[in-house]
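Step one of this worksheet: look at the structure below.
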Amino acid sequence: MTLLDGLWAASALTALVAAAFGRHPAAGSWLTVLYGLQFLVVAMMGGLSEGADPVPASVSFVVLGYGLAWQFSALSWFFAVITAGAALAAAWFVSGAWGRAYAARGGDLRLLQLALALNPLAMYVLLASTDFLSLFVGWELVSWSSFLLMLSGGGVGVRWALRYLVYAIGGAMAVMAAMAQAHALTGSFGFGALAAAVPELSAASLWMLVILLAAGFGVKMGLLPFHLWQAGAYAETPGPGAAFLGAISSRMGLYAMLLTLFGGLGLGTLQALHIPFTPLEAHELLAWIAAFTMVLPTFTALRQNDARWLLAWHGIGQGGYMLLGVAMGDALASAGGMMHVFNHATYQAALFMAVTAVVYRTGTADLNRLGGLVTRMPLTFLVLLIGIIGLAGLPPMNGFVSKWLIYRALIDEGQPLLFVAAVIGTLGTIVSVYKLLHNIFLGRLRVEHESVREVPWSMLTPMLALAAVVFVTGLAPGPVLDWVAAVQRELGFAVLVPTLGGVDRPDGGLDMLWVVGIMLAGFGVGALIFLAGGRARTVHQLDNYAGGHFLSAEVRYHYSDNFYAGLMHRIGSWYRGSFQWLQDALVSATDFLAQGAAGVYRAVQPVTWLLGVTVLALWWAW
Amino acid sequence: MYWITVLVVAVMVLSALAVLLLPNLLAAVAASSVVSLALSVVFVIVRAPDVAMTEAAVGAGLSGVILVLALRRLGLWGLGDDNRPQPERFSGTGDDA
Amino acid sequence: MTADAVTLAVALPLLAGFLSPALGRSSRTAAQWLGWAALAASAAVLWSVWVRLDGGTAAVAVGGFRPPLGIAFYLDGMALLFALAVPVVTLLFWPRAGTPQQFALTLVLAAAATGLALSGDIFNLYVFYELTAVASFGLVAAHEARRAQAAALRYLLLSAAGSVLLLAGIAVVYLRTGTLNLAHLATLAPERLQDPVGLAAFALMLLGLGVKAELFPVNGWVPEVYSSVSGRLAGLLAGLVSKLAVLVVVRALVLVFPRPEAAELMLVLGTLGIVVGELAAWRARDLRRQFAFSSIGQLGIVFVAFSVPGPAGIVAGLAVALHHLLTKPALFLLAERWGGAIEGLRGAGRGQWLASTLFILFALSLVGVPPLPGFWAKLLTVMSLMEQGTGPARAGAVVVMAATVVEAAYLFRTLGVLLARESGAESPQPHRGPDLATASLAGLILVGSVFALRPLGDGLKALAAQAVDVDGYVRTVLGGPGMAVSHPASQAPGGAGGGARVAHVPPEIAS
Amino acid sequence: MRNFTSLLFAGGLGFFLLVLAADLPLGAPPMLAGQGVLAEGAAATGAANLVTAVVLAYRGIDTLGELSILFAAAAGVGLVLGRARRRPDAEADPEGGFILLAAADLLFPLLVIVGLYIVLHGHLTPGGGFQGGVVLAAAFFLPLLGRPRNALDHAVIGWIEGLAGAVFVGIGLWALAARGEFLAPLLGKGTLGALFSAGTLPLLYIAVGLKVGAEIAGLMSTLQETEAAGS
Amino acid sequence: MSLPPLEIVLYAGAVSLLIIGLAGLVMSEHLVRLVLALGVAEAGGNLLLVLTGFRQGAVAPILLGAAPSGPMVDPIPQALVLTAIVIGVGVQALALALVLRVRRAYGTVHMSALRARLVEDLDEAAGLPPEGSREAPGVERPV
């Protein structure tokens, strides 16, 4: 029995326990222990990131003449450790007060626990793929288990889950087409065979593969224009589920792309694949798609008035950074892109949990109905603060490191337009996460929230732990970059050799230890001035004013309402409903065709069809 | 012989058309019996006496009787003008013959 | 038990069917038991023949007249598999509440379906096809509601028109080749049917058979009939009868018309069928019609899969067909449970966990979620189409995959309604134990086959290799080991008698 | 519009089928199987009428299938019209006139004899079970036309058709037991052209005749007993 | 002008019957006429089948006396047609029974009316308001 078997067994056991006892809130603690066990098993495979041999699974099948086998490599391990961590944090969050409250409100706790347990299991299967067939099997399992998780909350979530399903099946079918195409071209499902056959393949075949794979996996990643399902589906999932999904689920698309496009076809192939009539190559096309994915969803997030939706839209946008980095393909950019997977998972999970904590106490995630909670929920505020700094990609959090690597690479590669796009994206992120922070925690406390207290420790612990990871890996990104380097080595990218604090390059590296040190020193100076100045005066939260008027509890005015109205007035129309039209058009076209199809059986007598088609067939026979 | 055949075939085809075009259903049934009879003559001509017998017995006789019985049960029996277009014809489908 | 006994599988249900109405006048129970016994005996005969052949093939000259002159039954894995499915499925979908006449018609239907699977003579196939048709008209019309009779009448007219075309196709083939035996035709086809006339004959036969096989666009009866009759009968027709009609088409395609144009015709019509069926199902507003249209789409996939030449196509087609044979009848049974307008089913699945779980299972398998069998069937289809690599084949693959998306959308929309939290449904339909048991059985087989994928795959491959082995077919039927010894009196004048049976075929016949 | 398209399609189909004729060996068919039957049919079956040889011997199972179709159709008619039977008190058709009644009575024995003759000589001359069966059915049905209040006993008809069908299958099974082949010819061939020749073929034709006669008589009397529609 | 050979005339007759029957099946409204048209089409098919065994100058396949007096026509198609005729009459009887029943149930003997009623009936059986009515202007779309 290998460690991979052990991981699957632990995960399956978790799912079984969840199915059997998930209904009882008390089972939450046991499940958390089991998730911890999973994490431990993954950690025991840590040698993978130091160049150890891949860990195979001892099960394998031969179905219809095709072999199915699984193994863990450095790439798998990198994603698996994030998965296990996110699952552990989410499960911990559920295990205590939150789970009890969920069950008390009529939620199906067993279904949630089961779905939450099935997701990592499916992902571990997917992450162990060795060829197209096992990849597809794992892919479908992941799709359906996340569908289950989205459904688990019922209500509006079901609608979104169904929409997700349609997109996911569409994506899966594109993958299946690519897989069948690859098999038709090479006679095998192996990535190696595909890589070996690349020189003989025509540009058309390669393009078909690239487009099918990118589109198929891009659906899961929420790449434009296939992103419309993601925000709603994730946001309407019950809180911890959303945290888990937002952290890692859509990254499976990136994993699969890394495995097939970059590992299978090879980065070199993408770089050599020229788009006719343009100066672009395939990898630049991907980079541009990624760039649009960074910008548009981020600005859509700016418009959201629901904290969960806002975060979910950011999840889409951040995926763009990852793909941008990987698609650029040099050592810095790819390291940045892959490290961003880790970083994003940590802060996104922390952010979703913080928002869920707020919902737990206030009952709403509506940014127009919150405010001033900083004094009531200071630790949650802290987590959210750390999280948004990471999300915005500002020092000293880990998001800064990965984004710095990407910016730096874009400059090095001579891609000013992409660089500007990345900066615009970051700008939008900063603006919108400020809205998040402000509308929940700052400003005026609403009357109905005066009695709100901090959430219990069962929820705070995972949040704080994640926040700590966000900070620590920002302070010392070296270990994570080491893992990334192993992945780069495995996939054939140029390898970035990290230091503890970042990278050391002759033309200017990054050492986060210094950056953080200087920042903290700066904050220290600021704090000294603030304290020494002694000008601060503490007033009651309701003792404030706007527009020259003092506001009291009776005045129904709240300036966080419709935040950024002016900004939206200026730029909102630029991206309103971006690609919604595409989805609408597709649905309308399907509906139109469906009416026609139903009409086939309504408008014409069956015998007429028989006669007509006979004549046509005879005509054709000539 | 040749001309007899042509004549019989012509009768057969014309009666077949009559089956479709005669407004009176009883007459149409009669025409279909004529088709069968002509057909059985043709079968004799092509040296198929067994088939001819069967066609005469079954096609002309039996199925004629069954059809007439059915017409009678449908209330469409008779040579008079009680076979007008049905008043309950569904309006609005737009594909009446 | 010799292979000749396989005729019992056709004869016994017929015998029981003939006696059933008369017997039923005195005792309905006796008629029912007679029918069950006949079907069980039929299944036993087929099973013993299957075991005895042990993967080989055999031909049975019915009445002892050697094949080009008499009628031959051909027994290979594919034929026996479907033949064996007939009594089993018929027993499962037996019209329990029916009259002795319905028992008789069901038995006749089973006998005819068995004959369709086994027969190796095109006119004999036509007879069995018509028998299937007439029996199913009767069964459909036997349903109480008046809509069933109207649907049956419309079905009858369409089907009869199709039969006329089929007959015309057979006439053309006979005029060209002077024989009706499939094996003999297979030897003659390369020189006598490889031209537009042969293709026209195939087109006529395909469309004639297509009426029963739910081939687009001659399947206008499907939504009307399936939504008028009981779930059991719909399951029987959609699951079993349509497959056997497809089987006949496949035999004709492989043996007599192995031309790319013929396969292309099937491919195009199948593709259109998928598009129209799945889209219409997407728009359907009640459960039964949704499944009926979905059945059209699935049969389209079957046709598309079988249109791929060679064993790959047969494997894919068999996989899709068997999968559909398993799931769709069970779904019709579940539809019977809930029935009616989809919007009216809000929350109807809650509290009926077994039924809901089965629905989910079948839906997942139909959509093709690994590791359920539906996935492998779909994968084989897409792969064989892509492997073929021609434009229409690729288009077919794309349509199969696009249809999957549509299928997932409507199946899970329905499921979402069934399991919705808020309950708008009136009191759920009365509990039907046997139906649920049958559906559960199908579900168990479905899940069980996941654990037997390897032997199943190997088995299908062996069947397909046998099915495409035209030489083997010809050898088996027209003389060679495994053929039943012909009757001494039926030897040709001047024949040597005994020994090499090929010598009995007069020279002008063997050409 | 619809009629126009339909005519166009029908015309097209006719055109293609007529064009087909150019490539078909009309009048000189290859007859590969047919030659075989012509050459050995009489010897193999003992029937002088080779069509009968084909119908009952070479393609016996076709005939069984055909009987089953007729049976299924009759059962279907029974099912469809079973509930629509005339109520006993419903107004029946008026009795036939003297000519019809007299003709029915006179014709009855004649038709029975002719029908039996056609059935029994099916292996020798044109005709056979089907044709004879129809004549027999007519014999029994004609009196009903004259006296609509009388009815055939459906139970008896059911038993006749059931048993006749069973006899057909039974002869086939007998052959299976005796010779190992379903529906193989049994008994001696006899002299070609004699009434008692051709082994079991006449027996089969008798079964066919009875079954067809019973089914058609039942079918017609079911139709006859059906209440008039539209009332 | 040379006359077409006999078998071509017969073939043309068979095809005409087939076409007339099929056209009638498509165009007729009255249910009884549809059944009649079906019978005509079947007659055409049967004639077609008999013609496949016909050859010029041959005799019927019945052995009268000792030796056949010349070539015989093919007996197999004749046997097939015997079967087909009986099948046809069975189907016809069933169809007529259904027409009677449908007339009783729906009060119409017209195909288009019957179809419209059938669709209404199916909708009603499923508990649906008629398509396009005020209560159900369309179906809610899933995405």
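Every chain is named by a letter (A, B, C, D and E) in the order it is written, and numbering of its residues begins at 1.
Keep this in mind: a residue touches a chain if its C-beta (ideal position, glycine included) is under 8 Å from a C-beta of that chain, and two chains touch if they have at least 3 such contacts.
Bear in mind that the values here come from a model prediction, so they are computed numbers and not experimental data.
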| item | value |
| --- | --- |
| Contacts common to chain B and chain D (chain labels) | E |
| Chain separated most widely from chain E, comparing mean CA positions | A |
| Distance-maximising chain from chain B - centres being C-alpha averages | A |
| Identity of the most central chain, Cα criterion | C |
| Gap in Å, rounded to a whole number, between the CA centres of chain E and chain A | 63 |
| Centroid distance [mean C-alpha coordinates] between chain E and chain B, Å | 13 |
| Chain centre separation in whole Å, for chain E relative to chain C (CA means) | 24 |
| Centre-of-Cα separation between chain B and chain A, whole angstrom | 74 |
| Where chain B touches two or more other chains, by residue | 48-51, 54, 58, 62, 66, 70, 73-74, 95, 97 |
| Multi-chain contact sites of chain A, meaning residues that touch two or more partners | 162, 166, 591, 605, 607-608, 611-612, 614, 618, 622 |
| Multi-partner residues of chain E (at least 2 other chains) | 6, 12, 16, 18, 20-23, 25-27, 35, 46, 51-54, 60-62, 72, 74, 76-78, 80, 82-83, 85-87, 89-91, 93-94, 96-101, 103, 107, 111, 115, 117, 142-143 |
| Listing of all chain pairs that touch each other, if any do | A-C, A-D, A-E, B-D, B-E, C-D, C-E, D-E |
| Chain A residues touching chain E - in the complex, by the definition given at the top | 162-163, 166, 583, 587, 591, 602, 605, 607-608, 611 |
| Of chain C, residues touching chain A in the complex | 154, 157-158, 161-162, 165, 196, 199-200, 202-204, 206-207, 211, 217-221, 223, 261, 265, 269, 275-277, 279-280, 282-284, 315, 364, 367, 369-371, 375-376, 378-380, 382-383, 385-387, 389, 397-398, 401-402, 404-406, 408-409, 412-413, 416, 420-421, 453-454, 457, 460-461 |
| Chain E contact footprint on chain B (complex, rising order) | 2, 5-6, 9, 12-13, 16-17, 19-20, 25, 28-29, 32, 35-36, 39, 42-43, 45-51, 54-55, 58-59, 62-63, 66-67, 70-71, 73-74, 76, 86, 88-90, 92-93, 95-97 |
| Chain A-facing residues of chain E, complex | 22-23, 25-26, 111, 115, 119, 141-143 |
| For the chain D and chain B complex, residues of the former touching the latter | 2-3, 49, 51-52, 93, 118, 126-128, 130-131, 134-135, 137-138, 141, 216, 219-220, 223-224, 226-231 |
